[in-house]
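What follows is a pair of complexes built around subunit A, which joins subunit B in one and subunit C in the other.
Right after this comes the complex of A and B.
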């Protein structure tokens, strides 16, 4: 924010020194937009429309039919939508997904902020440690979850058994009440580095002088964090919360790698239910589910965007 | 692994989802009546695409195809073992010419939608045991009379047991439920795990103990026929419901589960194969697809199979079968004549019987040779006498996450909740497919 206002101050006097002839030419060229921009946007727009928007519209269309993905079909109006609202299994997947996304967002941001604060301090081997922390980000989520699956199912129970920690002696992935915590843990492990990068960028944008001033005023480190750091990086926090929450709502591959939606029905996410329609001959029904989920996430995104705009941050 | 479990396990990444969505989109956009498929012949050689559903027998079919091509120089056959391509092929209106599929609800759906051609006039159709052909036909026939699929191999699943452990403990193959329980108790007393459980892979619970107990205690064909006849009008207290029929059988599942090793909930199918081959349990509730894996893990393992007795009358004991591979020709193939020649060749007794012998399967032919593989001889009498059923899990539409429900029941032990969930799911699917 401070940098932009400085820029504005610098550019204003510069503009006033330009001779009047040049200004008028500049204004004319401003009205005539460079065609290069169109060349950049139009192909992407066409591809986007053809590969994303159009299939999505086709999906909406089929959600009004009884299409199984192949063969004959006919229009059945809104009955897919009506049936979804009567399906407790679908409702359960929504509840699970939202509880999971909320919890994970909170934990990811706390962990990432703590790591970022640590990595921003003047510690030994800072670069090396930063690299180590960012490794989870480059690993595929599916690979990570298969490795954790092994740890939870084999290594952890053996260790717990040896040290007499009975609650962990059976795999927590096999426990209907605890399995979702394992998913939260692995998701946090995988998602925290991305959030950490954003927080690090935020922390580096805070000028050192404010801390010097706070030191002189006698503020302790906790007070400094609460009254200086947090307000100054609030924009980054908002971005992290919004991007994270949106991403966690679509959670899929980590669950597939860890529990496959089990044990029982305990960890079925909405995305998994939607995808089951492709293999299950339930295409149109799950398409209706997808449309409903799209509308819900759209609503959440709009609310979040309004919040962002109030904070003066833009994505 | 049979076809249904594969279909349920085939949950890939989100990219696959996008691809599927894109395919559906593209199919709707491109002119539907389009070009159709053009006969794929060049220089008088017709190319057939053959999609088979078992990745583990690719080598066998490569050899079969080589022999076939030597006899039929005007036909070339390309093998594809990625069953996941079948539905996209249908959507693109370009399915393979010849298909093998495991027969269950999902394949029956294709039959009912008229995806496959009628094969009843093929000479080879007359060589197939009518009782085994019935396993296919019982799912419904297109136009009420067509033969859309000819069985190629029949898999019979029961209890796989270690002959060495049975002999060492002086236990003989049980023929009643009480004998079975007594055998388990005896193993337990000797410090041997009676049954190796792989509960983490929920399909092993579904087509293992759930199918065995249900199939042994109920008349599965009759139950599902009456249930389906009710359509969406089914309720939990109706005489045809799961709640009214499955209740008495379920405690036996929990009893089977209690004979499994500690920590079965964190073991999967691969763990189970390795552990059972090493002798960590006396019995294993798996089908013939596990046999080659067990031998691969321990080539000296001596295995046998028997059908799980669920009642105390030995005459009631039945074995779970499924038509593991059934041959079909897609209705709109431009290479019908070549495809029929290929299917006839595949159903030649020498091809069918060699396959059955190699893969611990049963031949669907009337003139089937006696089974000599000691791993499955224990099931042969049941199959020969027709004392078999198709697993209850195969009757469910794939959109019901049945295996998850079975797993939840084994963990939570709440049979009331389990059965009413099945009734609800069945009713909801019937409601939305009835319209």
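Right after this comes the complex of A and C.
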């Protein structure tokens, strides 16, 4: 140790041209990382890889086999994938899932924006009203759907009968063409508060001066909303659309609580079909379905990210 | 300020801004806060969409099967049938289900707080190192994997490891939320000046001590946000417990509610009493701590 430090001292004067050993050593020691940081990250990463990444890879592997979930299996190449494209039940579940997710995204955002505007306005009992509007956020989606299940299948028909609205006199959950609307409704009930919170954050980020200027220019409140508020909270709208659409694609609990995928298979989502592979004996087939589902959601995410970036440039 | 509580800094300017939404009172200043009664009435009516289903649940839970009959279920029962709760308590084995749910929730919240904050701290403070940047990208990329994609192999894997119990659910709740939670934390850790740590390090504190004594307490607002999300997600989760927990006796509250589905003659008064008991814990916590909960969730939204 002493020799090196002496050498360092000796070489110090000549440091102007050649970087001396001591300085490089000092840099290195400053650059040296406390191993504690690795202990903070590595165990979690290892568990994450084991419980999240590994199953994904295993799933891709089994999608190339004829594994039924038990017993023997052998490689069958891409025939699971080929069969999925010929399967009307799978196609039907994709159509239902996308129509449902699109509709729900649109309705949730309209409802949430309306609630956020209302809560941000000069209303009386704001705290109380806000408390009420956010209640659905803390409740179990499954239990909520059980409650709505009774409302749709018992209460609504009795009321419809009493007031002579015959189309609603039978349970809409048993109607192949209307059941999905019930699922949209309950999903909106459950998901609107989360989106409302994001919109509230957006509305509160708009500086008051903007509106004062618009007031001076004589813009009406609707005009202000369209020309000022909406463009200024566009980023929050994008977040809501992206988060919402991705979540609604994976809808499961509310369907379980309302229709169980029925009537027939009219309201069976992609997620439900995939889960059925667990008990249905078509494990590898549904894994292929899951891989396709993953690729589709990935494609959507990429498109959405592109749109965000382009918007970022244009703004 | 009583009215505007969501804790964002921009909130203080609210009274000035609010007037513009109504368009009625253009020139009123901060003190001229004029209530828009039409909008208030509209919001009250709209809030019935939330309150009616809740009222309905309570009313149904208090009815006897005869009182339910073939009516709408909307009438308030007279007399009220409090025995439903006792019957539902027994039918669902409520104490065990409650304890199982509480176990999953408590440890998921603690695990999420500990793991995500540690990972976020290490990554944020070593951002110039490839390993930590790579870890961040790796964790984030997992957010693109939808849950249905991994669930089937995952269930098989956890069953093989003997994790087909509430403990296994805790593991997956923590790991499943780690991407999002780390994202929330990292932005927050970056806002904490490094100088705060350096003085402690000069006094001989190790990295662990710095994290425990300085960083973690400073993360308190984000801890609240992550804790709330983890609590709600865990308490209300249906998918993972339903698929993972092999022993029906250890099932969580939401899954136990399946008991009342599919039976030939559902006893609805029993079912609704049970639904209400499953909803009550989060509902009560939310109403007692609503200001705190909403500001926490709001912080997550702004990120």
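For the reader, a short list of remarks on this structure follows.
Definition applied: the second predicted complex is superposed on the first by the 267 of 315 C-alpha atoms of A that agree within 3 Å, B and C clash if a C-alpha of one lies under 4 Å from a C-alpha of the other, contacts with A are read in each partner's own complex, and residues count from 1 in each chain.
Methods note: contacts are C-beta pairs under 8 Å (C-beta built on N, C-alpha and C of every residue); 3 or more make two chains touch, one makes a residue touch a chain.
Just so it is clear, the structure is predicted and the values come from calculations on it, not from any experiment.
By the touch criterion defined above, A:278 lies against subunit B and subunit C together after alignment on the C-alpha atoms of chain A.
Put simply, more of the residues of subunit A are touched by C, taking subunit B and subunit C as the two choices. In the superposition on chain A, contact is made by A:71 with subunit B only, not with subunit C.
Using the contact criterion defined above for the overlaid structures, shared-chain residue A:58 touches subunit B and also reaches subunit C. Applying the stated contact rule after C-alpha superposition, one finds that A:86 touches subunit B and leaves subunit C untouched. Of the two partner chains, neither subunit B nor subunit C is touched by A:309.
Once the two complexes are laid over each other on the shared chain, residue contacts for A:227 go to neither subunit B nor subunit C. When the shared chain is aligned, subunit B comes close enough to touch A:174, but subunit C does not.
Applying the stated touch rule to the two superposed structures, the overlap between the subunit B and subunit C interfaces on subunit A comprises residues 51, 54-56, 58-59, 62, 142, 154, 250, 252-253, 256, 271, 274-275, 277-278, 283. Across the complex, subunit A meets subunit B through its residues 51, 54-56, 58-59, 61-62, 66, 68-72, 76, 79-80, 83, 86-89, 142, 152-154, 157, 169-171, 173-174, 176, 250, 252-253, 256, 260-266, 268, 271-272, 274-283, 285. On the subunit A side of its complex with subunit C, the touching residues are 33-34, 36-38, 40-41, 44-45, 47-48, 51-56, 58-59, 62, 115, 117-127, 129-144, 146-148, 150-151, 154-155, 158-159, 189, 197-198, 200-201, 204-208, 211-212, 214-215, 220-221, 224, 246, 249-250, 252-253, 256, 270-271, 274-275, 277-278, 283, 286-287, 290-291, 293-294, 297-298, 301. Considering their complex, residues 2-6, 8, 10-11, 13-14, 16-23, 26, 33-37, 39-40, 42-44, 46-47, 49-51, 53-54, 56-57, 60, 70-74, 115, 118-119, 121-123, 125-126, 129, 131-132, 135, 138-139, 142, 144-155, 157-158, 171-172, 175-176, 178, 206-208, 211, 232, 235-236, 238-239, 243, 253-254, 257-258, 260-261, 268, 271-272, 275, 278-279, 282-283, 285-287, 290-291, 293-294, 297-298, 301-302 of subunit C touch subunit A. Remark: subunit B residues 7-8, 10-11, 13-14, 16-17, 20-22, 24-26, 28-29, 87, 90-91, 106, 109-110, 113-115, 199-200, 202, 263, 265-268, 397-399, 401, 404-405, 407-409, 411-412, 424-425, 428-429, 431-433, 435 touch subunit A in the complex.
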